[in-house]
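Below are the structure tokens for one structure; questions will follow.
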Amino acid sequence: MSLPERKTDIGPPHYEQFLPPVIKNNYGKWKYHEVLSPGTMVHVAESGDEIYTVRVGSPRLLSTSSIREICDLAEKYCDGYLRFTTRNNIEFLVSDKSKVDPLVAELKEKKYSVGGIGPRVSNIIHTQGWVHCHSACTDASGIVKAIMDELYEYFTEKTLPNKVRIAVACCVNMCGAVHCSDIAVVAVHRKVPVVDDENVAKMCEIPTTVASCPTSAIRPNPKTKSITINEEKCMYCGNCFTVCPPIQIHNPEEDGVAIVVGGKIGSLRTSPKFSKLAIPFFYNDPPRWPKVVDAIKNILNVYAANARKHERVGEWVERVGWEEFFKLTGIEFTFQHIDDFTFMRDTLRTSAAFKF
Amino acid sequence: MSLPERKTDIGPPHYEQFLPPVIKNNYGKWKYHEVLSPGTMVHVAESGDEIYTVRVGSPRLLSTSSIREICDLAEKYCDGYLRFTTRNNIEFLVSDKSKVDPLVAELKEKKYSVGGIGPRVSNIIHTQGWVHCHSACTDASGIVKAIMDELYEYFTEKTLPNKVRIAVACCVNMCGAVHCSDIAVVAVHRKVPVVDDENVAKMCEIPTTVASCPTSAIRPNPKTKSITINEEKCMYCGNCFTVCPPIQIHNPEEDGVAIVVGGKIGSLRTSPKFSKLAIPFFYNDPPRWPKVVDAIKNILNVYAANARKHERVGEWVERVGWEEFFKLTGIEFTFQHIDDFTFMRDTLRTSAAFKF
Amino acid sequence: MSGKYKTPLLDELEKGPWPSFVTEIKKAAQSSSMPQMADDELGQLEKSYSTRLGYWKHGGIVGVLGYGGGVIGRYSSLPDEFPGIAHFHTVRLNQPSGFFYTAEALRMVCDIWDKYGSGLTNLHGSTGDLVLLGTTTENLEPLFAEYSSRGWDLGGSGSAMRTPSCCVGMARCEWANIDAMDICNTMTQHFQDELHRPAFPYKFKIKVSGCACDCVAAIARADLSIIGTWKDNIQIDQAEVKKYADAGMDIQAEIVDMCPTSCMSYDNGEIKINDAQCARCMHCISKMTKALKPGKEKGATILVGSKAPIVVGSLLSWVIVPFIECKPPYDELKDLTEKIIEWWDDNAKPRERIGELIEAKGMRPFLEAIGVPPQPQQVKEPRKDPFFFWAESDFKK
Amino acid sequence: MSGKYKTPLLDELEKGPWPSFVTEIKKAAQSSSMPQMADDELGQLEKSYSTRLGYWKHGGIVGVLGYGGGVIGRYSSLPDEFPGIAHFHTVRLNQPSGFFYTAEALRMVCDIWDKYGSGLTNLHGSTGDLVLLGTTTENLEPLFAEYSSRGWDLGGSGSAMRTPSCCVGMARCEWANIDAMDICNTMTQHFQDELHRPAFPYKFKIKVSGCACDCVAAIARADLSIIGTWKDNIQIDQAEVKKYADAGMDIQAEIVDMCPTSCMSYDNGEIKINDAQCARCMHCISKMTKALKPGKEKGATILVGSKAPIVVGSLLSWVIVPFIECKPPYDELKDLTEKIIEWWDDNAKPRERIGELIEAKGMRPFLEAIGVPPQPQQVKEPRKDPFFFWAESDFKK
Amino acid sequence: MPTMEFEGKQYEVDEEGYLIDWSVWTEGMAEVMAKQDGIELTEEHWEIIRFLRSYFEKYQIAPMIKILTKEIAKTMGKEKGNTKYLYELYPAGPAKQACRYAGLPKPTGCV
Amino acid sequence: MPTMEFEGKQYEVDEEGYLIDWSVWTEGMAEVMAKQDGIELTEEHWEIIRFLRSYFEKYQIAPMIKILTKEIAKTMGKEKGNTKYLYELYPAGPAKQACRYAGLPKPTGCV
């Protein structure tokens, strides 16, 4: 079979061709929206036109078969129009109000997870993990599934003080937005990488490898034409492994995940915030990482019970103080919590006022 | 004349011998105090005993003659008891209430500056300047005198939203508490130091000199056995000059002072704060540095007009935002204001929310 | 064709209400023309679950002719045990702005993918691409020919411009101050060469959000973050304010007291805003969308530099241009972006992101190079130490 | 003997209401037995005012026998022009804690000083010493003999313990939670050897404040900052609360709304405090001293590390021990201080302050060395990046 | 581990044909590799290979593309100092293909 | 600039008697300086002077006091490895007096 004519530099298809007519007609002229249920909302245009959105959860890792099923539903209820959200949920774009309830009914019948709109837990941003990435220090999809099963009702029903954005990163490269999430899981190594001198000499750019280390723990070793790592200085970031494969960072015995909390993205009320370390380590515990799931649920519950309406996790913690966060959640405070890197100065307590 | 017997390691005289009886009797048992006027306050003990304090300003640099005059007054009104404050004011400790008014009257008659208690400008913390320090990049005493003359009524009469702590440092060693003052003057160099190679080679520890540079601008120069300074990297801190005298940092043409604002020490309401750069430079302009004085008065006035009661300068600025501070004071914002050193990350704006 | 491996651990993850990726992998084997790929993916993943170790080699260097990016080479480190995934490359298709599709278009993507790949996808990748997960080297050229002939192009990878992405913006949001989708699409088209042929020191990402809610997380993960805002006054509909109050909203506590600048008041059922003091944070607007609206003089704030924590800790983007107009054809924006990239490209070391470069060199040379003056909006607070540079030009003043 | 030089510039600074240091210099020449010192000081200063340049050489290395510190050597760089200040050393007399004096004691200080020095003083130096400004090398020994025989000792200088200082504390302040003056005096006596014979990597300063108002600025300029606090509940006198209200204080706005932890309320004329949430910041107490008082279970917070900006920016002290009892003979405090100093002395490079050393090594080795466990009170917030160390001992858990 | 035959000897390469040991490379290997890709190495191709190789030997790292294009501009003329030209010569990409021919370590990381 | 006479030659010193040029020092100068201070240099004194001098020649910096005391403890016995002992030998302070005798640059800074 001869191949069709190949093109380059055409860029993505123009979005316009995928917009439902009501959106095209009211583009930039929306007046307000209303959240009708945890999984449905309506946007009303200045013209009075309406577009209904029905949101369902997605594992993000989708088979073509599942995509086709979703397409079927979109055709049945939405003239074929659908979109995905920036957090990988599926949104059915219903122009005909009367089709909303039947769509929702069919979705629920087919066990789709309708929800995620408004002040609740939405989909978990995550990345490849053992499914596809050589850098993975844990599996992302499995942790996500385990957490979402447990927090399911926070997606489909329950209300929280505000949105809670959860993320999972399968290594410190942090391909998601873990560094600014309300609650996030990030996989971490805990052992100095093992250097295969022979292959480092053959396969690696030594200056690049030396330069890759954030703590200057790496020095060239002229004798072996390889490198040596100062064990005192190494904090297991794996950046050397990224640029030089024969430096092996994975250690299935001692790899695992940390939990960070209190980040946010939006500039509402308070500035965007980085997530901060809450729990430094759990061993990898597939398939369901039960301790990780429990810990997250605990944090979420304490937040739900203590935060004021509209307060994000980080805003609540900053209002009550981190010392209070540790007390309320019962999380142990360890040496790992104390910053000894870039932000050390910025994070140590420089005030005589604090809570006991 | 034979010398009296020399002693060592005796430490300072014990304070107890200098305490007025009423203080000794009520030590640690004070109940409350009341500010009676800008220069007088009374402390009342649980026992009902009272001690009156009359505070007067001091240039800190005092001649023995002046000290004797003060002693005379202390003897006349306070049984000889007096103290100095941590900001170098003189405090007459009056145990007999009836002597307070006569003391104040005599002080005023003798042109002492009675004041500095409560929410006002107190004495300016400052250091040696040209009077005694080789490191001085300006004179401290002169600037202090010029400022206090201008702000005099804020010491003796006027009320401000809260205390305003002013300081002057004659070089970036900052022997005062300039780095945490409401408003402060700090002398700065602006030119790369000039190296006298021959004397550096003879008189300096080269490794110490190299290590002294915060920006690693200094490299040893094996040829001259001296050092070389990378002009691009030098930010004129003078630390090399401190450890190696033949490196000359003074430049009378281009030395001058910067004004920093918004620092505080106490942990009340908000954490202690570093002062931040308000105006990067004024030329040294002895004897009265009029532009510096004007600039400080302007900042003080804007603060007085805009801050809420009990707000310190830094608290006010942080509430309204630094962009508002520059707008209200009319101070020009320059490249120098943008941190490019230790705290750069911490100071750049990482939010979409700010005022225009 | 599924069921090649026993997967007791993964099967656990088919239980529970949330949709299961394990089920998806199993389903993929049903429709793909190469079912062995998803099968072996499942088998290897089960092995990872039992040994707690991944089995992928470092990224490979495969691609399509004429492009330097868009494909992530991937090889199993156990090709003998799992031959179906000896090659298991991902293809990044550049998503349409805003992630809008028709069923028809998506089906086309699926059909081609079933023909040349594993049948597994990510909708979407973290950067925004439509990620096709798992194909072989020999299939890359035909696959690209089919996709490109049908209007789909590859996204970015490597040391290149990365696929820009954006929030839904004006398509379905009443708060969009800029046309995020149009800007995203325009920038993507404008930088096609930079996107496909890596020639930068490292990756460069662009993300566009219509307002400070920042629904595409631009401020945290884009070298260039474009965020919509306005200059004039918030539009207030007092009748609607009253309705919120009537519906039980505690306007004082939920809105006024949470305003970060305390520039609002609520008296006699009316909201008043001192707009000169408003920071346009979006809190009040987002919680009272029927009553409050952004102003009419719209544009964007340009921020630069965010990234993940490697090497010395994450960065959030820094405000560079507080306000810029954003109207088609967006010449000013393109121009500014080009200057930003040029300075970075000229000065960065390999693997140095622009945020890191600015940190290394200081704001001044960067701002001078792109022709933006210093402004208080660029800082949260001025510097705290007395160590600042002077340029020769400063002395002339 | 004054009037040797024309000083038109300095004379300007005798005008105006604030007391003039110029007048003081002129006066010093009247009483000192060496009037030429103050005279030449004035002359050289006038020259500095006209040239905008100082004329002092780098610090000299003079002192008294058996001591390594306490005197700052100073030489004019224009000894021929100003011979009176060819030598112009300062002597640091260790002040009595709290800066209390009797007229008698001060007169004695003056008399000796007029005999051996310029007649100029600083009451006090920034560290706290009673500074005697300007004497010659040959006068140092006799001067020291006279002062020491009369109960006065030198303060610190050089790479040594520096003269500790403190706020007025229990002597005249109702908020003192610790006996700042007694602690200051005790520590000064305890560290006499370290104070007089420099053997540290650099200076080490101790300052003691009775409460979080921190009237001696301990948190900003002491390597070891001791700040009084309490553990139990703020003592409230509701009758006095009422009086403040009656006197016109807006308690809600000035007190309750300014409480940083929002742990107060004011209802029906009564203040209630949720003490578990109180940060003991001193705001409410300081503004309503008749109504509110610190609790009864008193002690101190120990903070470490503050200093001026050289080398890489100022530091504020960091909380190390949130609460420690402080009762005579203060054994726990002395012990802790010794451990802190020992770790620093063992590890620091020359000219490295303890705050800088902790920054270089991390909190963990420091806390482990002094036997203090990690506690959330030590941080404002936990770390933001995922880069943290593990010790072998952590794995055993 | 796959291998590549050259002048009768076997050399280890990875699954993408990169030499495992950069130090064993000789010029002839580039010809063999190019032939496999159906590319005839012209002097223009060699210009790039030689630059890559000598740069690597000097600095132990592959040059950034911008350094490569600058060098090309210098030696081949300004109009050729751009990525377009490089992709004409090496359609699979200069970083990928030319580095392989030059026997450099496989580029890692950022993909 | 004041000078010091030694073996018939004049050497520049500062107002406190420190040699301006540390490189011109010879052992005999120490004797001269000590004599001026009324100190008789014993072997114990020399132990310190030689250590200071050799340390400086090796590292170009004066040792910290704690390094000096450690060294003394090593060579002279533990009970002498303290500042008290050093001040007995050099009442004006080891850093000040012994460094001067050893011809080291005058200590700067921190006073």
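General remarks:
Here the chain labels run A, B, C, D, E and F in written order, and each chain numbers its own residues starting at 1.
In this text, a contact is a pair of C-beta atoms (placed from the backbone, for glycine too) under 8 Å apart; a residue touches a chain by one contact, two chains touch by 3 or more.
Since this is a predicted model, take the numbers as computed values, not measurements.
Counting hops only between chains that touch, chain A reaches chain E in a minimum of 1. Common neighbours of chain D and chain E, listed by label, are A, C. Contact tally for C-E versus C-D: the pair with more C-beta pairs in contact is C-E. The greatest centre-to-centre distance from chain B, using averaged C-alpha positions, is reached by E.
Centroid analysis (C-alpha atoms only) places F farthest from chain A.
Where chain A touches chain B, over half of the residue numbers in use are shared by the two copies, so each contributes mostly the same positions. One inter-chain figure worth recording: chain A and chain C are separated by 12 Å, centre to centre, where each centre is the mean of the chain's CA atoms.
Between chain A and chain F, the centres computed from C-alpha atoms are 64 Å apart. In chain A, the positions touching at least two other chains are 172, 174, 179, 208, 214, 237, 242-243, 245, 267-268, 271-272, 274, 341-343, 345-346, 350-353. Within chain C, residues 57-59, 66-67, 193, 212, 214, 219, 260, 279, 281-282, 309, 312-314, 316, 350-351, 380, 384-387 each touch two or more of the remaining chains.
Along chain E, residues 61, 106, 108-109 each make contact with two or more other chains. Of all possible chain pairings, those that touch are A-B, A-C, A-D, A-E, B-C, B-D, B-F, C-D, C-E, D-F.
Taken together, the chain C residues at the contact with chain B in this complex read 212, 214, 219, 227, 229, 231, 260-262, 276-282, 301, 303, 313, 315-319, 322-323, 359, 362-364, 367, 374-391, 394-395.
Against chain B, the residues of chain D that register as touching in their complex are 9-10, 12-13, 15-22, 24-25, 27-28, 30-32, 38, 41, 45, 48-59, 66-67, 74, 88, 90, 93-107, 109-111, 113-114, 119-124, 126, 133-134, 141-142, 144-146, 148-153, 165, 167-168, 170-174, 176, 179, 181, 185, 188-189, 192-193, 196, 212-217, 219-221, 253-254, 258-260, 279, 281-283, 286-287, 289-290, 308-314, 316, 349-351, 380. Those residues of chain A that touch chain D in the complex are listed here as 172, 174, 179, 186, 188, 190-191, 214, 235-237, 254, 258, 260, 262, 274-278, 280, 318-327, 333-356.
Contact residues of chain A toward chain E in the complex are 199, 202-208, 242-245. On the side of chain C, the complex with chain D involves touching residues 309, 312-314, 384-387.
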